[in-house]
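Labels for the chains are A, B, C and D, by order of writing; each one numbers its residues from 1.
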């Protein structure tokens, strides 16, 4: 089995997750907060994963929860990577004073503790998913800009960029048609690894209850199960499914990330399975 | 008696898409005091040859044949034995001086390292030894310079340091792989002069694509094409009366001879044509050249050539 | 390897520096955690005896004690107020053995316990009572607001305190004993303290049945006060242990690491039922929920709408979700707890009947559009948003209520959504901007006739959360304040409940219980009966008897 | 040794970063919706006594204009006064230090062990890259790292503490602390499960970076040179490869050390280990600004210190940085 096969397997797993999230209303037998049974029902045909302490269907919660978790992970990763890429390319391409100034600013911003800042900033909004993911994306891009800037800088000095410039291509065209495609491997790999990171982070934030606890997502499901007796009562069907769901997508993203990284970085290719 | 006797050395690399032959059935004998040059175009397998003798090829290389050094077959020696040979008996001057020196160690440390491994030289003696080496290679202010890091030196200086590293343990054989690549003409001439001085009484295997370097340093020359030796002989004689069409072409292609390049390109490893491998580029190829593969034949007293014309 | 002396020095500096950093870090660690002075062998450290009760605390901040003049919290069972509130609507004696009140509810005379001693041996006198009031006020301490009504405190003798209020206030006892209440502080300790804001008490000299021992590494320990003047504890001490996760508390109970766990869910209680050596008891009606209206906002400003909604709250289903809850039966006060103050005529006012709700809406100008959505008298679709305080108490309960309301109100054509707020201030703002909100509270806040002031507008309180302002009602509230006559108070409370039943500023939904599980092989006496719902209540702790 | 100008420049940046951190956190925290006194009073009482709120504002100087509060705050910080907690009225610095110490009981061994083991494993795996053992380890690490840490922690508590009862359910120490004082072994017994978990996370992260870095290094020409000198494999690995491969690790490690304060929130939550992470979330809920400011300040100081240390360490490892010609 090769890394390539791993990539396809992880893409397939991701596709399943996305399908579930998109078609949630058709897949879930009940609403996410609908009370459809008595509390703590063990799994049966009516409730695939049983019910929680209120009598809500855990399977339906799992299905609807995928939306929140996926939106959070991918939106913040997309935002963060877009900002990093745009800023990184512009800095790398123009260089000079602009680059110097922005890099100094980044140097200064770097030590600011992101995680607590994020937690505090969420209090400014009704801590909804979208707001938090935007915040997270913006704050996370501080570290990403440097990652993109370095290869952009060396690309901007290569002969073919000089060539493009000499035939009168506009800056915008050079950046979008010549530099960006060459950076795509780095950007893609960064996107995949960021999505995994943010997704797990989002579930974690929700687990420690730092945003809207009314939203049904995997983190709050785990938190709910963990604090309302799933362990002491041995209700595995309550605490395991959301955890396994997180592990599944995180694993798929991790595998995809490593496979991508290897296919773009031939040096790592010695690893064959 | 020969110092290093290579017989039937073949190297193949195992890649993702099967194995790729790089060297084919090389025979080469290096006697004590000989300075043998191995010349050929880039990619013909010269460097691989040097590395295969040192057993430094990556793990996916399959080496067959024999390389007898002082009666032992190096290809069969275990790793421990090889460590005794490397640096002490056979030393190497690698190409590309910018990257072969470890950037985080001082050059003093790096030169002293071989001495520490292979000799009992320690402390003040070691220090003195390194300074003597640096001085003998024309590096000024050795005390100060041995505390410096590779990136603080120019290309020519780094090349001198590499030579010092190779000479440190006074090895029986030195394999110099493109010692003058990437240097400008003036520095190159200096290094060549230096090499000529220090290699006067030593055994040298010089790997180069530059005929000038070869003729300046080597007593014997082997010409390599697409992984096999096509001609061998004393340098002076070989350059004056080249027998193989490829050697002739190489000489014609050198800038001093007016730069007439050989038409076509060398075959990629593993994609050699049937018959004589040089046949598609050969100006004097005949029909039988494209069918029968010639073997390396002795001609005259001390010449060898691989061409059907001399059969 | 050859090294010059310069290189050697460099290396020594770097590695030495790294080692130094590690050592410093370890030293800080040792200093902060008190590892360094652990060996001192403090003589007051008594061996843990078998008859010390171990109670889990849900956060380390709940056992971070500062002083009883401050907000940070004090160990339970050490400080006492004049009276202690009994959840049956009466008051038990504490430092005051008995009390009289003047007819206008303005002058309160407390007869203090004569044998009461501070735990350092100094006798407790009326001077301490007077000092507490004066000190709180002269130092502008936050808790002083509890005593805002107090004009002065006189001490005719050591064991009598006469408190004169600024205005008549029949609910004064409730005021000083309900959370946060006021406990009496020792004058001989506090008179020397000039910076009470930042004073950290380490001894906690009090008069209660327990004395403070220590507070270390996630534990707090109280010992029995042998010199206590009242009913002495029969256990030798109390240990509070931090276990943050409620589920871990249950696990700890099963393992025998703690002796009691309170506030467990009905399902957990059920699973503990068969366990050996574990007993479960339920304290009824400790919490309550209401669906409240903001009368300043459309459509809650329409009385008919509120009336209709009062029939669209399925109190039976909701209380069934709480596992142990019961639907409330009256307009406001909870019958079993408020006892005699409940007007029996109003019991059972808000029956669940969607048809009737629909009828009321139809008769008062509401219509429905083609999709079945409810249109208000102004012709617009009625949509409601319920603000929720996520970090507020019992928000889980509110979630359950919302899910049931949503189900029913959608049948009436009302679209219901929720918004969560992380902060009380924002939440209160949101309550003021929306028509409907939910409230949940421990019943201690609502079980007294005085608590009906919640709905009033008075000189002290120019508005209320309901934005309810009925002059007739306000007059009754003033009336209740101004008298100490229990019969008068009762009849006025009845009238007020009638008014509330008519105006419906709120729909009481249900009450819920607190379930407590304890190790029956260790202590008995946890189940003190109705009204004592906190396991750290000194009355519960003094009632405990070790099994062996 | 280190280029003086370079060091000065780094220190200059650190100073600027610190000022910006302090300013940013001050304003963000003070503009944050909600305040302590409202939360507190509403949690204990049904109505909000305005006089108590005003009195609180006055006592803590919150009624002054924001810039004035900021100036006072900065002056206090410069004099080493970190203020008093709203909740407890206690000085913030000792409170934070006490919590931090308890956190460090877990974090310090975990970070040190994690970095050391991660580097060794990563270096070994990268050195042997392509081999069976390397691949087994590599795949194991990928899977391990993909699983969220709180999930591991919950499962660990479930299996080891509750089902098998090998370890305590949580807390710092057993109850004997009350009678016989703090016993380091007992603390270790309570800390061992969280330490193991945290260590394995740090190992997984560092392993991956170290392995990649090692793979990049073993392709370098100077490794061949070292072999050609006759060095044995161990010497090549430790003397020539490791030092070069460590360079990218330095930055990575910096951020780990810097994130140390908040990094343990999940573990602290699951193991009832009331350290600095729980103090932060608690203070945030209560809007206890002085404590939050203190934690941010400490966090910024630690981050800046760690980055400065990383710069110095990197320049120690890499002469190219040291000589000032990056």
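Rule of thumb we're sticking to: a residue touches a chain if its C-beta (ideal position, glycine included) is under 8 Å from a C-beta of that chain, and two chains touch if they have at least 3 such contacts.
It should be emphasised that the depicted structure is a prediction, and the values quoted were computed from it without experimental measurement.
Comparing chain pairs B-D and A-D by the number of C-beta pairs in contact, the larger count belongs to A-D. Each chain gets a centre from the mean of its Cα atoms; the one farthest from the centre of chain C is B. Taking the mean of each chain's C-alpha atoms as its centre, the chain lying closest to the overall protein C-alpha centroid is D. Remark: chain B and chain D have CA centroids separated by 53 Å (rounded to whole angstrom).
Averaging C-alpha coordinates per chain places the centre of chain B 88 Å away from that of chain C. Each chain gets a centre from the mean of its Cα atoms; for chain A and chain D, those two points are 22 Å apart.
Between the CA-based centres of chain C and chain D the separation comes to 36 Å, rounded to the whole angstrom. Multi-chain contact residues of chain D, defined as those touching 2 or more other chains: 33-34, 130, 157, 162, 269-270.
Touching of two or more other chains is recorded for residues 123, 226, 231-232 of chain A.
In chain B, the positions touching at least two other chains are 113. The touching residues of chain C, when paired with chain D in their complex, are 10, 13-14, 21-22, 25-26, 28-29, 31-35, 38-42, 45-48, 54, 59-61, 64, 66-67, 70-72, 140, 142, 144-145, 148, 179-180, 197-200, 213-214, 216-219, 221, 239, 241-245, 248, 251-252, 255, 257, 391, 393, 422-426, 428, 441, 445, 451, 454, 461, 464. Across the complex, chain A is touched by residues 13-14, 16-18, 20-21, 24-25, 28-29, 31-34, 129-130, 134-135, 138-139, 142-143, 145-151, 154-155, 157-158, 162, 212, 215-216, 219, 258-259, 261-263, 265-266, 269-270, 280-281, 284, 292, 295-296, 299-300, 303-304, 307 of chain D.
Those residues of chain B that touch chain D in the complex are listed here as 51, 54, 56, 59, 79-80, 82-88, 91-92, 94, 96, 99-106, 113-114, 117-118, 149, 151-152, 165.
Within the complex, the chain C residues that touch chain A are 245-248, 250-251, 254, 264-265, 267-268, 271, 321, 323, 388, 390, 395, 399-400, 403-404, 406-407, 418-423. Put simply, chain A touches chain C in their complex at residues 33-35, 39-40, 53-56, 122-123, 126-127, 212-214, 226-233.
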